[in-house]
Structure formats: C-alpha cells, structure tokens
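What follows is a structure written as structure tokens; I'll ask about it next.
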Amino acid sequence: MKKFSKVIALLLSFAMVLAFAACGGTGTEETTAGSEETTAADLAYDLTKEGEYTADNTEYVIGATGPLTGDTASYGISVQQGAQLAIDEINAAGGLNGVNFKFDMKDDKSTAADASTGYDALYEAGMQASLGSVTSGSAESFATRADEDGIFSLTPSASADKVINASNFAFRVCFGDPDNGILSAEKLAKEYENIGVIYDSSDPYSTGIYDAFKAKMAELNVTYLEQSFDAENNRDFSTQVEALKDCDVIFLPIYYTEAGLIAKACVAKGCDAFLFGCDGLDGVAEQIDSTVTNKISYLTPFDVNSEDAKVSAFVTAYETKYGSKPDQFAADGYDAVYVIFEAMKALELNNVKVDPAELGKALTATLTSADFSYDGVTGGMVWDASGACVKDPIIVELQ
Amino acid sequence: MSDIVLRTEDLGISFGGLKAVQGVNLEIKKKQLYGLVGPNGAGKTTVFNLLTGVYQPTTGTFYLNGEELKGKTQEQINRKGIARTFQNIRLFNNMSVIRNVLVGLHNQKEFKCNPFVSLFRLPGHYKTEAKMRERAKEILRIVDLEEERNNLACNLPYGKQRKLEIARALATNPTLLLLDEPAAGMNPHETEDLMRIVRKIRDDFDMTILLIEHDMKFVSGLCDEVTVLNFGTVLAQGTANEALNDPEVIKAYIGE
Amino acid sequence: MIKSILKSDDFKIKNCINYMVIAAALVVLVVLYNAGELKASYANLLVQIGYSIILAVSLNLVVGFLGELSLGHAGFMCVGAYLGTFISMQLSDVIESKVICLLISMLCGGLLAAIFGFLVGLPALRLKGDYLAIVTLAFGEIVRTVFKNLPWFGKAMGLTTGAVKFTKKDTPLFIIVFITVLVVLFFVQNLVRSKHGRAITAIRDNEIAAKAMGINVTFYKLFVFVIAAFFAGVAGVFYGHYTTPVMYTFFSYNYSIEILVMVVLGGMGSINGSIIAATLITVINYILQKELPGELAALKFLIYALILIGIVIFNNAPKLSPIKERLSLKVLIAKLTSKNRKPEDILNDPAHWDKIPTKIAMDEVLSTDLQPGNEYVPDKPAKGGK
Amino acid sequence: MSILFDGLSLGAIYALIALGYTMVYGIAKMLNFAHGDIIMVGAYAVFVTLMGGGHIALAIGLSVIICVVMGVVVEKFAYKPLRGASPLAVLITAIGVSYLLQSISQLVFGAEPKTVTIASLGTVSLFGATISVSSIVTLVIGAVIMAGLTLFVKKTRTGRAMVAVSEDKGAAMLMGINVNRIITITFAIGSALAAAASLFYLMQIPSVEPTLGSMPGIKAFTAAVIGGIGSIPGAMLGGVMLGVIEKICLSVPVLAPYTTAVEFGLLIVILLVRPIGLLGKKRREKV
C-alpha cells in the first residue's frame, strides 16, 4: 500500500511534467514582447473598464519598488520621499477630479527577485500605474513583469537601456547611460589634455556610462588613464587618486557617495584635478566640506540651487517635510509622479477603478504622442517611442 | 614462516626530538592472542597508531602476511586487514548499534553497491541492504548485543560500548584485530565475559589478536605471548608468565 | 525479493510521508491554479519556496550529514543561474518549448555547478570547521566577482533572461519546481538512507573511526560536495528562469547565510526540518516585504534578526531546556503516542538537531594534521647526532 | 612606494579588526560575525560627537566606551546563554546580532551615508611619494596598539589567564580562573580595538552608513585566517598583507575589478599550502 502511494505520486509527477511540457510548447510563441515597436492600433484603450484587482480602489494607486534597506537604501529612500511629496501636493490640491492618489513603495534590496515579489504585491493591491524601480537591475525585473500585465512604468532613475527595452510600457525620467557617457566624452576630449577616469566596476549605472564613454573616446582617438573600484569592497580611494594625480580632469561616472570620498582622497593626496561627473554626482555637495578645493561639476537635469521658481519651491517643500535637501533621485521621483498625474489629467480620466492594462496603453499613447511634454524640476521632457526621455542637461558647478 | 601474520622490523617513531617508540620487533602468529603491556606513556597506543597508519613510522617497517604496509593510509591498511578499537571509545554516537556495525561492513566485497544504484534505488540496493543487516545481526550476536541493536550507541553502558567497538572492528573482516585496552572500566564480571568473547572470536574466525591491557589478570589469563614496552623500547618479550615476571618489568612497574 | 524491498525502511510511512505531503499539496495547487484561484503572487512565492527548499536540503547534505560548515552555497547557485540560464538562452533559439530548454539547462547548470563543487571539495579534504567555512565563503565571493566582470554575462548589468523567463502565459514554473523538489528529495533521501549515507554520517560523527573502518573519506567528502553543488546549481537555473536579470548582487554571502539559517533552524541532518524551515523563512520574508511599506522596511531586518536570535537561544540555551521540555510540541505528541518515554529521552533523541555534535566542534578545528596527504611528519632526527 | 604606504595603512585597519576576531576566537572559540558591526557603531559614535561639536579626543573616548559597552552587552545577552551549546548555534546568533545592529542603526540614523569631517592632517613627501599624514598616524598608532596588546597578553596576569583559557578552558577553570570574566574581558578588548579601527577607518574613509562594517569585517576575518586564527602576530601579518595586496591589485587597471577574487584566491592558496594559516599553531588530535 505504502509502496503504491509512492509509486503513484512519482508517476503522477512525471505525467504532469509531460503534460505541461506539451502545453508549454504552444504557450511560448506569443510571449516575445519587449522591444518590438508598437503600433497605434495596439494601443487602443478603454478607460471605463475595471481591473481584476482594482475593484476596491478608492484612490489611484501608484506603485514602485526600490532599495529601502541594504547598501543602496539611500537611493530608494530619496525616490520614495520625492514621490510621496508630489503625491501629497497633488492630493492637497484636490487630486484628479477629486480623487486622491496613493503611493506605495516596496523594498527590493536592489535585487531582481525581490522587485518581482514587490511587483506582485503591488499589482494585487490594485496598482494602476507605477514608477517601476529605482536601480537598473530591479527596474528591468519590474518592467519585465509589468509588461506581462501591460502596466505602465516610468522609472525615475534606472538609466540602463535594458530597462525601457524590457517593456512596451516602460519609460524613464532620467538620462540614459550611453547619452551620459557620449556627452561627457565629447566635452572632456574637446576641453582637456590629461584625462583620467574612475568608474565603479560593480555598478550597472557606472559601467553603462563608462562603456559608452570608452567607445566614444576610442572613436575620437583620445587616450586617457583608467582606474576602477568595486563599491561593495573598496571604499578607500587613495590608490586610484594617486594614479591619476597628475591629470587635469578626472571623469567620475559614479554616484555621489563615492565621489565625495574621492574628493576627500584628492585632498589627502594633494591632487587638484577638476572632477567631472554625470547626474549620479548630484548630492555630492552634501558629502564634502570646506577642505575640498577641487573644482567639481556634473551634467545633470536637476540643480538643487537653481533660481527656477519651480525648483526652489520643490526644494523648500522637501526640506520642510524631510529636513534635508533633495538629491536628484528625489527630484526624479517627484517629477515621475507629476508626469503620470499630468498624463492622466490629459486623458481626462474619471474612473478610479480603471483597469491598469487599459491605463497602461492610454498612458503610453499619451507620453509618446507628439503634443505631450512636461516641464518639471528636472527640466522640460518629451519621450520617444522607445521610452527614453529627451531633455537637456545643464552643467552644475560647485564652488 | 607462513603462519606469521604480523611482523614489525625495528619499528619506531620520533616526535620532534622525542623518540616515542623505537626498535619494536614483533612476530605474531596466526590465531595468536598477543599482549602489549607497559606502564602509562610507554608507547603502546603509539604502536597501534603506527600499525594502523595514523602515524607514519620514522624507522623500520611492518608486514601483514608478508605484505609491506608502511606508507599506506588508514583506509588502505584497514582494507588490507588490520582493524582496531580505540582506547578512548570512538563510536558513531548518533547512530544505532546496528548501524555502527553496518558502517564496519561497508567495504566488504559481498556488499559492494555503487552509489548510483542506491540513488536510483535499483534492486541491487535492497538486496545488499538486506544482506548487510543479516550479517550485522550475526556479528552483534557474538558480542551479545543483538538485543540492543536499535539503541543508540551513546546510550549503551560503558562495557557494552567497548564490546560494540570490537564488533564494529570485526565487521571489517580483518586478519589482525588490535584491541586497545578492551577491559578498561569494566567490572570483574564484565571482564570475565569479555575474555570469553575474545577467545570465541579467535576460535570462530581464526582471528589473530593483538591487545593492549593494564589488567594483568586479563593479560595473563588470555595472552599466549606478551611484549612489555617501557619508554618506547621493548623491555621483555615471551610468554605471559615469563615476561611479566621478568625483574626488569617488575622494576618498571613498581619502581626501584 | 519484492518482500525485502517492501520491508525496507523506504516504505515505512514516516519515511515517505514528505513525498506524499508535497505531492498532495502540488495536486491541490495545480487544481487551484487551473480554476484560476491561485494569485500570481502566490504562484511566484511558490517558486521561491521551491528553490529555497532545494537549496536548504542540498546544503543540509553538507552541513547536517557530512558535518562540514559551508558558507558558499549561494556561489554554486550563482554558477547554475548564470551558466545554466545562459545555455538555456542559446537553446531557446533552437528549441521552442521553454520547458524543454529549462530541463536541459537544469542538467547543464547542475553539472557545471557540480564541477565547481568538486573544486571546492578539494580543500575540504585538508581543512575543517571554520577554515573550510571561510574557504567556501571566499569561493562564493570569487565566483560572484568573476561573473560580475565577464562581458558575456552583461558585466555589472547582469544577464537579461527575458527570452527564457517564464511568464504568465507559460506553464506555471512552480509546478516544475515542485516536481524537481520531489526528485531532489528522492535522490537525497535515497542517498542518506543507504550504506553510503551511513558512511557519510560516520565521517561526521567520528572521522578517525570512520577511517579506521576503511571508509574512503576522500571519496565521500567530494561526493557530497558535488551532489550538493549540483542541486544548488539546479536551484540557480530556476532562479534564472524565474526572474530577470540574473545579477551578481543576489548571490552574496548573506544569501549563503540565509540558506544556512534555514538548515540550522530546520535541524541539522533533518531533511523535513529543512523543508519546513525553508518554507517558513521564505514566507516570513515575503510577508514582511509585503506588509511593511516604505519607511518601515528597515524594521524587516530587525524583526528577522530578533526571530533568529530568539529561536536559536530558546532552542539551545542549556539553562532554558527545562522550560523547553515543558513546552515542546514534540514531547506532547510523543506523550500521546507512547506513554513510557520520559521527556528527557525524547528531547535527547539524536534526530533532534541541537544534540548532534557536528565536526564543527571548535576544539577539533585546529587538528588538521591528520588529513590525507598531510599526515603527521615528525621532525627529522638531528643530523650527525651529538 | 605610495601604494605600499596606502596598503600598509589600510592593512593596519584590517589588522586591528582581525585582532578582535582572533582574540574572541581564541578564547571563546566562536566566530563573532557581529564584530564588523561594532566598528559601525563606533564610527557612528565618532560621527555624532563630531556633529555635536565635540572634540576629536572626546569622540575617541566616547567611541571606545560605547563599543566596549556594546560588546559586553551583546556577549551577555546573546552569546552567554549559549555557552556550551553547539558552536553553529552561536554562529547563527552572531549573524542575528549583526542584522540587528545594522537595522537599528538604519532606523536611528537612516540609510543615507553621512560624511564625517575629521581635520585633514595634510600630506608629506617621503621617498618621492605623497603620503597623507593620517595614514602614517594610522600605521604608527596601529603598531603601538598591537605591540601593547602583545605585551598585555604576555606580561599581565589577566593576559596570561586569557592564554590559559584559550589553551584549555576546563583546566583553566580548575586553576581558579574565572572563565566567564575572561571571556567578557576579551569581548571588551576586542570591542575597544574595533573602536580604534573605526576611528582609523574614518580618517581614511570619512563616511558612515549602517552597512559600513560588513565588508571590512569579512576582509579582516580573511586576514585573521590567513595569519592563522588565534594568533596575535598572525592577525597583524594577515591584515597588512591583505591591505598591501588589495592596493597593488587596484593599481593595475586590468586586475582592479577582480581585486576581491584575488584576495580571496590568495586565502584559499595559503590555506591549501598551510592549512593552519601562516603563523597558526599546529595542534594534534589524540587518537
């Protein structure tokens, strides 16, 4: 008897393998979504339809995942605070036709698996549009999942091209990594002689920019000195700075925490090179002090000290609410929420239980339409069909 | 000549500068019960360790049935036919009594079974397991532990643990059995019983046995021949009575 | 013959109940799924539970049965996830069915991980305890560092596995994962309940005695490392088909430790314990992630840490054992089933994990000189002699 | 040359942390996984004092006191109840404590890295290389602390008692040594060393965050094992070696991304050649 139960269990399981192998074969054909171009016909939408999980919604739910714990927690928290600020402002101003918004961010520790789990939780809690995820890996995971359900995602800060390629409904607010690298290479090659680079080999953002930079420099036939580090393991930059001490300029396609440490290492090593970076460097002002004499500037869409009324209003509101100045992540999060809000307003949406897939198609159609643009704290933006954001960088100089 | 099972030639080892054992020459004949005695620290257990490959001798060598075993590992020596028990009992404490013996049977030719046969549960696995169990029970019967076979080794009383060690060593089907203080910690009644078992093993299996023991009654009552060690060297050799009554030996034990 | 098979331990109810429970659960879940009653989040959670079980059970082979502490299990998973999924993506150009790609790449990923298992097993022959632990940890970090820098696997960006990832339209991955769990369980239990399993536990209990019994310690240590690495590699392949991209960050030593925690909480040497603990920890993680929004996320680790410390101290503190005796569910159940066993006996049952002394006993750690190839070589006698 | 100096001062930090690992291991026979997080606590103590306008000397004092108290408290509540339990259980608890400290500090201070301003001591030219004074200070003070520790263990009563406990706990107890007290003292010393390490760490890497301690902790543990765990000179040797090798690897662009792999690879090679670490003591198992 006992033997039989075991044998039966095994037979059953093998039978299931075969059965599902068979039906899996037919299922795979139509799953190649992603980078294919979508046509307007694909984006026909019906905003009166209710979604499976949104039937109980009393507010529009915008979801996101991001690192709230772990090494990169600060980026996630910034985005969360920026987005929450925008939501609060929108709700205080009466929401969309009197309907409020709700923002929920789940912790993904910057891992793909947790982003996927977070996505499920959000989707089933009635998420209708999303900010995707904060870092590139999890944003790719999120966008891939969101593509299955047709959910719109507008990532504030995941700059790898893979993210927007993963879904037809994925967009971004920030620059793409290659744009950053190419722009920087052109600028530095034109203006400086001795160029050095320090990049983070463990970080998708940094390697993404660096690879584009490297290719462009090869194309321009300019030589430079290269140093790298692994942010997980090395936080002491004396060696890298020592090696590049005699450069006129050091290009830093990295995040502000490490950039601040590099600036300080420059002081310790007596190196007075000009430090130039991309949008990741925004926030570096908080990381350095008066001992740092190097000139620092970076390409960014967001300048916390800008005279622009919109920006200063945002900075003041953020400081009042959280007690610290916003960085670029916070600004991106803030803008991303407003972009979704404006697009929904443009759609004249008046159905709090709207089906997320329908809304996804509608928002995609809106963002890619020629007459939609948004002027936010990170500058004026329009979107192309791939989901990339077109906006002008400004160069922010410190000191 | 051919009935000499174990022969050592000038066997010795030194740790650092200390010569723990030196110049030990033994000749043990088939079916002999051979005693190795001496005061504490005389190097008896070291001789066992040399014979089982735990240490490699620095001088000399040893032969089992004419085959030189110097330089072989513990596993190889066991497979060549030397099995041992330990002074401080080394049972597999978290296994039942019968499983301890089954581990001893592991390398027997008749119980060979490829790991993949077991992994895939081919019929060979079941056949082997059943045979091994039968054999293990037989061995346990010899040391009167068959009743206890499903108890945990660590829950056995001390005397029975010693007997289990013997059974386990016996399971590896050795030519030569080394018993390290088998009667230590036993009461007189248990010692009597053990003597009977050791004799029975010798008779039933045509076993050659080399044993270390402090209990002189045990040695003189059991052993055909005895070697006395002191400070790592051989003090006396001969029949139990001769060796134990040697004045040098008495001096070594009792002092001046 | 048949009778002897039926009489063997394999067919005692307590030894195959886990197959039945898992199979029954699977059937229920499949029925629910087909009825559309199983949410995607649960289906995905099930995948995570499934590969966690595979990881925990295979690590238990190394830690619980062989008695060697390994902190690099995520490294094997990493090999399987990167290489196995890479192979699967190449296959997907030729083979249409994702399931078949997955099955082939499971084998390949497992085998490649097994090769790494062999390499890690080699130092295990010479090192013990904490020394081996740090070597396995080092191995995991080395693997991760190499994969994060190799251009074929997308460098720091990770390997995008969108082409082979299982989506909602495919066969639910959890079914394949759980069938694999059953197969893994079948192999692991068969190994443990055989003469080879006895030899392995003998090595754990007393390596010197095992050697004296002629057990081929070298072979069995390598064998266990290879098998465990194989299954971890399979779990990695599932990971690669479950989520995209495969990124090096996931496979840090923290994850190895999480697997170890599953093994230790479940009970060293207890396969069912590993299954239950792997399920529980995955579910706890899931619930904490789902229920703690935003700012409270940091609380997750706090709660997790407190649960961990609490359970371990409660289970192990010598002073607490009288309280534990009174509260133990095990004692309660045993009291109901057999009346003449004392609580102490039940708790001292060696199947109960905290009573199993593994070779990680620290006092033995430094005694490394008895390993094969490293036998004690006495100093040569002073030449010339005085 | 300058690489060598940078490597030495990084190595001195590793060595100080490794000493804490080694001492606790030698005496309590446990891997204190939370040791790295004690450094993080020390670093936050320095940070808070300096932000509050305190003098650097006050910061050092406070950091040492807080670390010592933290070390002793952790020992008392998390490890002491487990004395005599399976070492693996203690290991898991230590991991739990590590998570606990990290999450508490994130809840208190936030995940954002905070920059710490310690007055720069400037640079000097030595053998034609620019070397920051702080790394020389790290080296010198590190060497002094290590020498002091060696003397302490060899010359004082408590130090000798520690050696006795590490050799044989049971025998030490019979000799009238209060083993529990010795273990507590060991944790206190180990934590004080962690506090010192945290200060040097901040001098080189002026930024604090909740996960600050984990990687240096692992590296230092590696260093302790390379040197031979349980051996004080071994920990120093291992730490310095690891620091120098890390810096050499980082200075070669092709090799730099693989630095971690090289360091851990070195560990494996050393252990395969010498399974007890470079200066570890061989112990024999009685058969």
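The chains carry the letters A, B, C and D, assigned in the order they are written, with residues numbered from 1 in each.
Going forward, a contact is a pair of C-beta atoms (placed from the backbone, for glycine too) under 8 Å apart; a residue touches a chain by one contact, two chains touch by 3 or more.
Predicted model only: the values in this text are computed from it and were never measured.
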{"item": "Chain connectivity with chain A absent, coordinates unchanged", "value": "one piece"}
{"item": "Pair of chains joined by more contacts [C-beta pairs], A-C or A-D", "value": "A-C"}
{"item": "Innermost chain, taking as reference the mean of every protein Cα atom displayed", "value": "C"}
{"item": "Between chain C and chain A, distance of the C-alpha-averaged centres to the nearest whole Å", "value": "35"}
{"item": "Cα-centroid distance, chain B relative to chain D, in whole angstrom", "value": "48"}
{"item": "Separation of chain A from chain B, taking each centre as the mean of its C-alpha atoms, in whole Å", "value": "71"}
{"item": "Interface hub residues of chain B, defined as touching at least two other chains", "value": "54, 86"}
{"item": "Residue list for chain A, restricted to those that touch at least two other chains", "value": "68-69, 73, 77, 201-202, 230"}
{"item": "Two or more partner chains touched - positions in chain D", "value": "103, 106, 111, 257, 259-260, 287"}
{"item": "Chain D residues within the chain C interface of the complex", "value": "25, 29-31, 78, 81-89, 91-93, 95-100, 102-104, 106-107, 111, 218, 221-222, 225, 229-230, 257-261, 264-265, 267-268, 271-272, 275-277, 280-285, 287"}
{"item": "Chain D contact footprint on chain C (complex, rising order)", "value": "63, 69, 123, 126-127, 130-131, 133-135, 137-139, 141-142, 145-146, 148-149, 208, 253, 257, 260-261, 264-265, 268, 298-302, 304-306, 308-309, 312-313, 315-320, 354, 356-358, 360-364, 366-371, 374, 376"}
{"item": "Chain B residues touching chain C - in the complex, by the definition given at the top", "value": "13-17, 52, 54-56, 58, 73-75, 78-79, 83-84, 86, 90-95, 99, 102-107, 111, 113, 115, 118-121, 123, 125-130, 132, 152, 154, 168-169, 171-172"}
{"item": "For the chain C and chain B complex, residues of the former touching the latter", "value": "1, 4-5, 8, 10, 187, 190-191, 194-199, 201-202, 205-206, 208-217, 223, 350, 355-357, 370, 372, 375-382"}
{"item": "Residues of chain C defined as touching chain A within the complex", "value": "5-6, 10-13, 16, 19-20, 23, 26-27, 30, 39-41, 44-45, 48, 96-100, 103, 145, 148-149, 155-158, 160, 162-163, 165, 167-172, 175-176, 179, 182-183, 186, 239, 242-250, 286, 289-290, 292-295, 297-298, 300-301"}
